[in-house]
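Below: the structure, in structure tokens.
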Amino acid sequence: MSHRLINLNADLGESFGAWQMGDDPALLQIVSSANLACGFHAGDPLIMRSTVRLALAQGVSIGAHPSFPDLQGFGRRAMQLSPAELEATILYQVGALQAMATAEGGRVTHVKPHGALSNIACADAAVAATVARAVRSLDPALILLAPAHSELARAGEAAGLPVRYEVFADRAYLDDGQLMPRSRPGAVLHDAQQCVEHVLAMLREQAIVAASGHRLPTRIDSICVHGDGPEAVASARLIRQALEQAGYRLAALDQLG
Amino acid sequence: MSHRLINLNADLGESFGAWQMGDDPALLQIVSSANLACGFHAGDPLIMRSTVRLALAQGVSIGAHPSFPDLQGFGRRAMQLSPAELEATILYQVGALQAMATAEGGRVTHVKPHGALSNIACADAAVAATVARAVRSLDPALILLAPAHSELARAGEAAGLPVRYEVFADRAYLDDGQLMPRSRPGAVLHDAQQCVEHVLAMLREQAIVAASGHRLPTRIDSICVHGDGPEAVASARLIRQALEQAGYRLAALDQLG
Amino acid sequence: MSHRLINLNADLGESFGAWQMGDDPALLQIVSSANLACGFHAGDPLIMRSTVRLALAQGVSIGAHPSFPDLQGFGRRAMQLSPAELEATILYQVGALQAMATAEGGRVTHVKPHGALSNIACADAAVAATVARAVRSLDPALILLAPAHSELARAGEAAGLPVRYEVFADRAYLDDGQLMPRSRPGAVLHDAQQCVEHVLAMLREQAIVAASGHRLPTRIDSICVHGDGPEAVASARLIRQALEQAGYRLAALDQLG
Amino acid sequence: MSHRLINLNADLGESFGAWQMGDDPALLQIVSSANLACGFHAGDPLIMRSTVRLALAQGVSIGAHPSFPDLQGFGRRAMQLSPAELEATILYQVGALQAMATAEGGRVTHVKPHGALSNIACADAAVAATVARAVRSLDPALILLAPAHSELARAGEAAGLPVRYEVFADRAYLDDGQLMPRSRPGAVLHDAQQCVEHVLAMLREQAIVAASGHRLPTRIDSICVHGDGPEAVASARLIRQALEQAGYRLAALDQLG
């Protein structure tokens, strides 16, 4: 039954030059889709290509993870780009990753904005529309992976893109479906078991389950797990095992049906 | 008759951010193929996209002009990249430009390395092979535009790529077909009429005509004219007019047959 | 009489690598102080050093013109840096220019923020305080060159820095002393003679003279003229001549007394 | 007795943005001088400033560790800069670090080139002279820290700079005093105890002790230990302890007398 398929995604390929981040080989054995940095916040060409190769070897589907141009700030700083410049900036990054995928015999099947660009695109309808327009102009069959109940998801739908909806395993939600700001206590779930229960509850209810207990119905296609930090691999593995024990079968984003 | 077709190419899209270089709109009315900077020596995403749009509107075929990563040095400084890194660096840039072309309803039909990368690839068979491998892994139908009698041309042929052979309108040649080093007097032809005669002589002889008068037979598909400098537009226009008066018809690289 | 001394400043050293901007040698014969790009929005090390050398040879005093790290956007895009990061970013740039000055036997005598950083520091007291703190931590004798009636000027005073107050030759003002937004008609004075009259009126009144005719008294130490654009040199020369004819003597910022 | 003073130096401050490298707080408790990245191969402004602060708090003397502009390659790739550009590039980086030191109440007391720049400056007298000229033009009292028997050391002496001579704890030497290329077996000593014996032998002999057993007399002021890698801290600590047990007292480079 297709409703028992679920996707697990993580941000990977975030090393740069001599600097390592995350344990990509381990995580690529756990997740079913990978959002790969495209050189603007992390991920130089060599790392992009080698991570693409690893992902393809593991049957993990590949997504572009475009960012504001901000290597030093890891794409986490808000920047103000004109719509035309933002659109071109996204095209550039996705195209660069597509070339890596092509050279390795695969293809990019989804796009998920990174960091500050994602935050703004989730809240600002105009920026969201620019992101969706960039993706659509490149390939209208590219999946847009977006948080449920975000402006980004709505913009993707309006643009006619296939949209897949994600929730975060380790983040608490407000009643309106937005992430609780990191500045508030309890915003981040640090305990892996707590993450597992959060994920299972949301899937069971097919709703975002807010910290208050409030339920906001939504379709959930994918669970986002963290790719970095000392507990990332163990936590992701626990979540995957719990999903499988609960009867879900993991599938790449382009295999969800 | 197909031997009367000739291509005229120039390096364009070499502005960056607030800085202008060259008069692209004027040159795009003269040349038949454009080699576009891909962000590593010049050409930010916005400039790449707008230049692609201009080129397509003029019926000018689009080529990627990848470089070493060296914005400050305009890609003119030799760098030592490992073969794997160089290959990924080329893929990245060509892919980024392909995305711009796709978004504008066109496509990248050729690749021509820039600056120091080109110089090295023309002289060093191993680097040439890496360039050819990168292009081929992306699309074996991509045309490699290479100087006649270069290692790069040979590597393209060995890789099975469609290779097109160019000569330079404003550069003097040595007897072995290599460019006379810029440090030598007479290496660069500054007079437009002199360039015209140089080009016509080489086409008439189907040979590289060295400064000594020596003739080195070669196939010539394309004439490279300069895109920058105060005389660039006037000189390119004069060369085009002379070619047309000599009975040649200009054609994009992918229309040479 | 010291009130008859006036400073003329311009943003210079804004070329980068192969790209030229402005006619620095010509402007350095006109202005008495130069704000030099420090590599983050323009100005690579080689250009910094050669412009420092030219300025010293002309007796033009040298200021650092630090920016957000944004070469592609020419420092004109707002970025959100933490106070600690902004402070370190300014220190970095001013220090780099100080080294050039030292190597050429001179010194940096003032600091003037560039572009979006300047706009924000003029309006946001917290950012202004960070800028002033950075300058002060480096050298409490460094002059802060700031627009009259700006938060930046106030922050410099509060930090105990020597502050010099500038007005713009080619910009219309609002009644509260702020620049008229460029989006409004008449915001930029394109006619050189009009700039001359604007400058002379403000100096005569010792006030910002708004477009409405409203006068806002202020001390005026320096006139900022544009360093770029086709009319920059001619316009700056006209303003200088008018100042001299009106009895002013031009002086470097550190010679105003 | 001054000959019983020894310096221990390491390359630190080599994190960048979100990426960590090395355990600087631990190493700053062991070494007596730190070579700090200046933003061109590693070390953004924030990291530079915080590492300067840590070093000063530990009484560790601060050196600039300038590099070719190559963040992605960590400064390990040879680049060809003109003498003027290389000189300006070094000035820029050292000046930026000097500003951090000044803001923290300290000062930069030495310079040691990084990576490929160091390798080339140790072998090429012209590049070495350019490095020495840059340092001297900034401050003739700046110490140049250079490998014993290198062109760089000779250029520093010729320029009248105070030169301090270093040997590497974990590298095998050839008979002529040059480092054994990393491609040869035994070039790098991976065992900490072996490093200790290597260091003590060289100090005892006041000579470079080559892998062959050959002794090349030299003055040794400083031992370079690695700042990165899983064993870096433990190995550096062992070397320090061995030096102290052998009767040496550690001193900052500017305290060697």
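Note that the chains take the letters A, B, C and D in the order they are written out, and that residue 1 is the start of every chain.
Keep in mind that, in the parts below, a residue touches a chain if its C-beta (ideal position, glycine included) is under 8 Å from a C-beta of that chain, and two chains touch if they have at least 3 such contacts.
Treat the numbers as computed from the prediction; the structure is a model and nothing was measured.
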Between B-C and A-C, the pair with more C-beta contacts: B-C
Inter-centroid spacing, chain C versus chain B (mean Cα positions, whole Å): 42
Chain A and chain B, separation of their C-alpha mean positions in angstrom: 39
Chain D, residues touching no fewer than two other chains: 44, 72-73
Pairwise touch network: line, ring, star, complete, or other: complete
Footprint of chain A on chain B - complex, ascending: 39, 44-46, 48-49, 84-85, 87-89, 91-100, 102-103, 134, 137-139
Complex interface listing, chain D residues touching chain A: 15-21, 42, 44, 71-74, 76
Residues of chain D touching chain B in the complex: 69-70, 72-73, 77-81
